[in-house]
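Next up: the structures, one after another.
Below are two complexes that have chain A in common, paired first with chain B and then with chain C.
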Partner chain A sequence: MTRFVAGRLVQMVAVLFAVSVLTFLIFNVIPNGDPAQRMAGKSPTETQVEAIRADWGFDEPLAVQYVRTMEQVLGGEAISYFTQLNVQQEILAGLPRTLALALGAAILWMVFGIALGVLGALRAGRLSDRLLTFFALAGVSLPVFWLGAILSHFLGYQWGLFPNGGYVPFAESPLDWAYHLVLPCATLAVLFVGFYSRLVRSNVLDTMGEDFVRTARAKGLSERRVLLAHVLRNSLIPVVTLWGLDFGAVVAGGAILTETVFDIQGVGQYAAESVGQLDVPPVLAVTLFGAFFIVALNTVVDIAYALLDPRIRVGGR
Partner chain B sequence: MSEPLLDVRELAVTFAAEEGPPVAAVRGVSLTVAPGEVVALVGESGCGKSVTALALTGLLGTGAAQIAGSARYDGRELVGAPDHDLRALRGAEIAMVFQDPLSSLNPVVRVGDQIAEQIRAHGPAGRREALERAAALLDDVGVEPGAERSRAFPHELSGGMRQRAMIAMALSCAPRLLIADEPTTALDVTVQAQVLALIGQLRERTGAGVLLITHDFGVVAELADRVAVMRDGRIVEQGGVEEVFDAPADPYTRALIDAVPSIGGPPRAPLADRAPLLELERIDVAYGARRGLVGRRAGRRAVDGATLSVAAGETVALVGESGSGKSTLARAAARLLVPDGGRIAFAGQDFTRARRRGLAPLRRDLQIVFQDPYGSLNPRRRVGASVALALRLRGVGRDRAERRVGELLERVGLEAGHAGRWPHELSGGQRQRVGIARALAGDPRLVILDEPLSALDVTVRGQILELLDGLQREHGIAYLLISHDLAVVRQVAHRVAVMHGGRIVETGSAAEILAAPADPFTAQLLAAVPAAHPRDRAAVRR
Partner chain C sequence: MGQSPWRLALRRLRRDRIAVAFGILFAVLALMALAAPLWAEVAGRGPNATNETGQIAADGGAIDVVSLDGVPVGPQWRAEYLLGADANGRDVAVRLLYGARNSLLIGIAAALLTTILATLVGLVAGFYGRWVDAVARSALDVIWAFPVVLLGVALGTALALGGLTVGPIDLAAGSIGISIAVIAVVYVPYMARPIRGEVLALREREFVAAARAQGASGPRTMAGELLPNLAPTVVVLAPLMVANAILLEAALSFLGVGVVPPDPSWGNMIDAGTEKLVTAPHLAIAPGLMLVAAVLALNVFGDGVRDALDRRRGAAWGAERP
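Here is the complex of A and B:
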């Protein structure tokens, strides 16, 4: 176990290093990427640009720039080229918003995914199952920016049932906080509900054909108990692990569109804006944060898998 | 005779088919089981015996199956009974044991919890009380210590332990009828003997009736009081076990009984001195060993200093229980793995560390036929294409390969026309013939047969054995036969090597080993072979 976690930590350092180098290089080779040029404002003189370049060290070799930027990012001292604000503080400010959105959506899609998936499996082949399949497909196919805009326009703007975007901190008003999160969470969850319900449906159907389910019936258990204690228990193991991975991916940037559509001002939206401005320090910091989160959740998922399924050993081959 | 506990009359089961007319799986089965009686329902795969058992307990599921006729348990009608009533009987009065204990137990729930769950489903019992009773039951069936074993997950128990745990579960509510569906088919002979003895003891102790479903007349001879032989959904013969064995009325029954390999009869004499073809010297194989930065970690020794040779045209049987290392040794012989120690030579050439091209002569001259003809043929490839591939890999041109495929299929008793079929369109025996044809494609000098019969029906086994024997006489092929079935070994082997715990504990001519085993483990294996006739029961059982 310790060995496994230690191994994952080493792996994480390698991943973060690779990701940071790639990100840094990409933003230094794309055209129009000279930050000094853009920081100097409209029609600057050559002297001004040179001064900025020397000031910020943009004239030094790339490797030196990389090391310095990384020192700043990891030390929490990175400053945005354009807003001049501390990157770490910006991320920390956005993090609760992104986490609230991701967690809310993840719970929604898990609950509805399981419920609809089990329903589909129990009614496999009947009309209700076909309808569920249709809606699942529709949900997976709807683009977030379209669905979000439609929901926000009708339910928010036109009918006034929900706030039209924005975010209220939990500390300010828990009720308003939840109220503001309903639409964004639902929008983000729709995409996953379709996918998860299909997965749960096929897993449940597979498990119902297993010999041990026949044994459970032969023991005289009620159908309800057979379903809960034997079928679901086994068919949800892969779903739970996938859920961990998807949650990580959403926090690490998968919610960018939703955050932007509903103006949540979370980490994803911050990343999107920074990318638009070719602002290297925040992009680097957010990318590293995302990569860290994904690798960390991967590790958690692997450990959870071993806890849920006794046949799997952590780090076993 | 006492009042029957189970009285089945004209039971019929029909399945609605997706296309075409409904399929009648069971067509008018009548049989009875009295308290304390073991009735064997015997037949080959697909004859409807398992469907009969599932229909009795309402486990066929609603919808697909139409059940007609009558089945009375203790005076109560089971056919058409509401699901609620059947559920109350299942587990409490009528308990079942299934074939494969690994897949029949929930892999993620502790064994004790699975037993306790049944106890609590049928009576008032607290969780702790139910668990204590589960532990006591495990002790009863020899899964000891029960208190500790009840905390194990199914995969942590051996196959025999798992089946015992299944039996403990079945007994947890003191049922009056036990339906055991192929309870020993997935087990080694020695474990089979123990499980059969256990079922026998339980019948004595609890007076429960047992409906024993099996394809194996050896199992019948060991345990049954009465026999019903089933074929194509009908019972073709029914009677007391001695009668049926002594004077089977139906030719099909006769064929099934004859298919039980007899432990009597003369074994094959060893061949006169010949130069060895395959030589294995002091082979070591360890699993899980690794050389890391900080020293080496020794693994589990699967094969431990095994020495064995096979001469041209000879059949050598490698015998032992599962886990004894026989398959691993065979994999080393075929150089599918590199041994950790020892030497492998074939036709005088050393292949111990040969790589890639160096292995080519061995890959050509040594072939393997696997146990499971279902799993070892590519389901997306026509049979002919699978055999042709084996030829093409040996550099035979496309046209010649196609012609040869027909020849090869005919040689193993199929028709050239079978080349166009898919594996799922063939029976188990036909598939195994394809496996053999594929192995013969390169004109091998030695074929490793890894449990080639155990996935097949008894009547098919005889045919495959004959085929293998004919091929050996005609082409002088040597066989290394891996088996846990000593009766089969006796029929075909010139020499026998017994493996136990990774070591070869005994080697010799079939006659020597089977008549006068020197090693206690060999003696134990021999004693576990089921009786060929019910009257031999006592002689075999302790």
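Here is the complex of A and C:
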């Protein structure tokens, strides 16, 4: 077991290293653009460009630049090429916003996903089940940036039911904080509800066919108790696992579009803006931050499964 | 053959009226995209023809296509400006159809490329195992570790500046080839993983052992024995990949790294439309509805295909949601 865990941890570090190299290369090799030229603004003199190049060390070999940038990113001292602000502080400033959005959405999609999924399973094959399936597919088909823009226009601007985007810190006014988060969370949750309700439905249906459920019924338990204590408990385990992974993925950058549409100013929006400016240090930092969330959660799940199921330790995924 | 599994699946699919209806809906959308030049003829202007100062007849008088304070006319419900004009006086309906060409072409081409790459990687990794599998899996893990939209935007932004030239492939900056390549690469792990898993299971079956015992080479076994058995998995995943690719293309265009304006795509039309929601909501609503219709049609049709091919419930369904 120790070997398995050690192996997974080494693999995790290796993947993160590869991600950082790849991100660095994407922005330094492919665009064949010169960051010094871009930073100098419109029509700079050659001396200005030279000065910036020497200042930021763009004239050094790529490997040296990579190591230096990574040292800064990991040490929390990376500076944006364009805003000259500390990248770590920007990410920390955006994190509570992104976490609030992701957590609110995750709770919504879990609650509605389970409720609609169980409903569909109980009515499997009937008209209401087929309607639920169709709505689930519709939810998955909605582009989040379009849905967000339409909702915030009609519910926010037109009818004044909700604020028209933006974010209020919790410390300022908890009520306003929650009020501003309703639409963004609901928008983000819609596509996940579609996915989760289908997953719950099929898991519940599978579990209902198991022998232990028949036994529970044979013991004379009420249908309600069979469903809650036996069926749901067993069919939700993989759903909860996936929920953790998806939550991580949303924090890691899955909310870029939602944040941009509602102007949440979280980590995702910061990433989108930095990418647009080819601002390497923030992009590298945010990508690593996101990749770390995704890879770490996946590793935890792998290790947890290996603890529970010895076959996995030997076989590999 | 009579009752081959494929024929049985086709019969089941034909009985699924909802799936068939939505399959037809997608075909209709594709045909409309193909017929874009015809509608441009009827409407009297091309997709990029601006008309900022022109007037059109309405209610017996004449009104500005774009008013003095920059508000475009709404839907006219006739050949000219059927769905209204945009901020530059361009015909929204015409742009919608030309946008459909870009969006659908990119979506279908990217999904096709993903399918080919993923099948190749999954097949080779699953069949040879050992270090080949280890290398392939690490490569997939690295792509997997990137947040989907972030990777798409990063690659799209970087490539949009300089283009990409690899051997004989030359993607000019700003061409839709870049969108296709970016989207295809991003989705490879989501398709290669289930295929590899399938190969791992198939590899242990008797017919593969029989082929090997008869002296069939590795590539021959893969092409002749494994590939045909992977077909159901690939066919089930393909429509869903197209749906996801169309969505990601729209997201990239929305963030400004997809189809380059003035050329239309549903994504960049929505992007332009969201800025004018207050005065001209039709600019965002029309392309959004087209996008939803196309993606929903593919998802419902793909769902029917899966049901027809695979009676088990809960099979792989829907890849990453951007």
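As a convention for this text, the second predicted complex is superposed on the first by the 287 of 317 C-alpha atoms of A that agree within 3 Å, B and C clash if a C-alpha of one lies under 4 Å from a C-alpha of the other, contacts with A are read in each partner's own complex, and residues count from 1 in each chain.
Please note the rule applied: a residue touches a chain if its C-beta (ideal position, glycine included) is under 8 Å from a C-beta of that chain, and two chains touch if they have at least 3 such contacts.
This is a predicted model, so every value here is computed, not measured.
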{"item": "Chain B versus chain C as contact partner of A:51, first or second or both or neither", "value": "neither"}
{"item": "First, second, both or neither for A:271, with chain B first and chain C second", "value": "second"}
{"item": "Contacts of A:286 with chain B and chain C, given as first, second, both or neither", "value": "second"}
{"item": "Partner chain(s) touched by A:219 [first = chain B, second = chain C, both, neither]", "value": "first"}
{"item": "Touching partner for A:178 - first (chain B), second (chain C), both, neither", "value": "neither"}
{"item": "First (chain B), second (chain C), both or neither touched by A:296", "value": "neither"}
{"item": "Partner, of chain C and chain B, that touches more residues belonging to chain A", "value": "C"}
{"item": "Which of chain B and chain C A:74 touches, first, second, both or neither", "value": "neither"}
{"item": "Doubly contacted residues of chain A, that is, touched by chain B and again by chain C", "value": "none"}
{"item": "Sites on chain A touched by chain C in the complex", "value": "11, 14-16, 18-19, 22-23, 26-27, 30-33, 130, 133-134, 137-138, 140-146, 149-150, 153, 157, 191-192, 195, 198-199, 202-203, 205-206, 249, 252-254, 256-257, 260-261, 268, 271-272, 275-276, 278, 283, 286-287, 290-291, 294-295"}
{"item": "Touching residues on chain C, where the partner in the complex is chain A", "value": "18, 138, 141-142, 144-150, 153-155, 157-159, 161-162, 164, 243, 247, 250-251, 254-256, 270, 273-274, 277-278, 281, 284-285, 288, 291-292, 295-296, 299-300, 303, 313-314, 317-318, 321-322"}
{"item": "In the complex with chain B, residue positions of chain A that touch it", "value": "210-212, 214-222, 225, 229-230, 233-234, 237, 308-311"}
{"item": "Contact set on chain B toward chain A in their complex", "value": "57, 59, 87-92, 95-96, 98, 100, 103-109, 117-118, 121-122, 153, 155-156, 166, 169"}
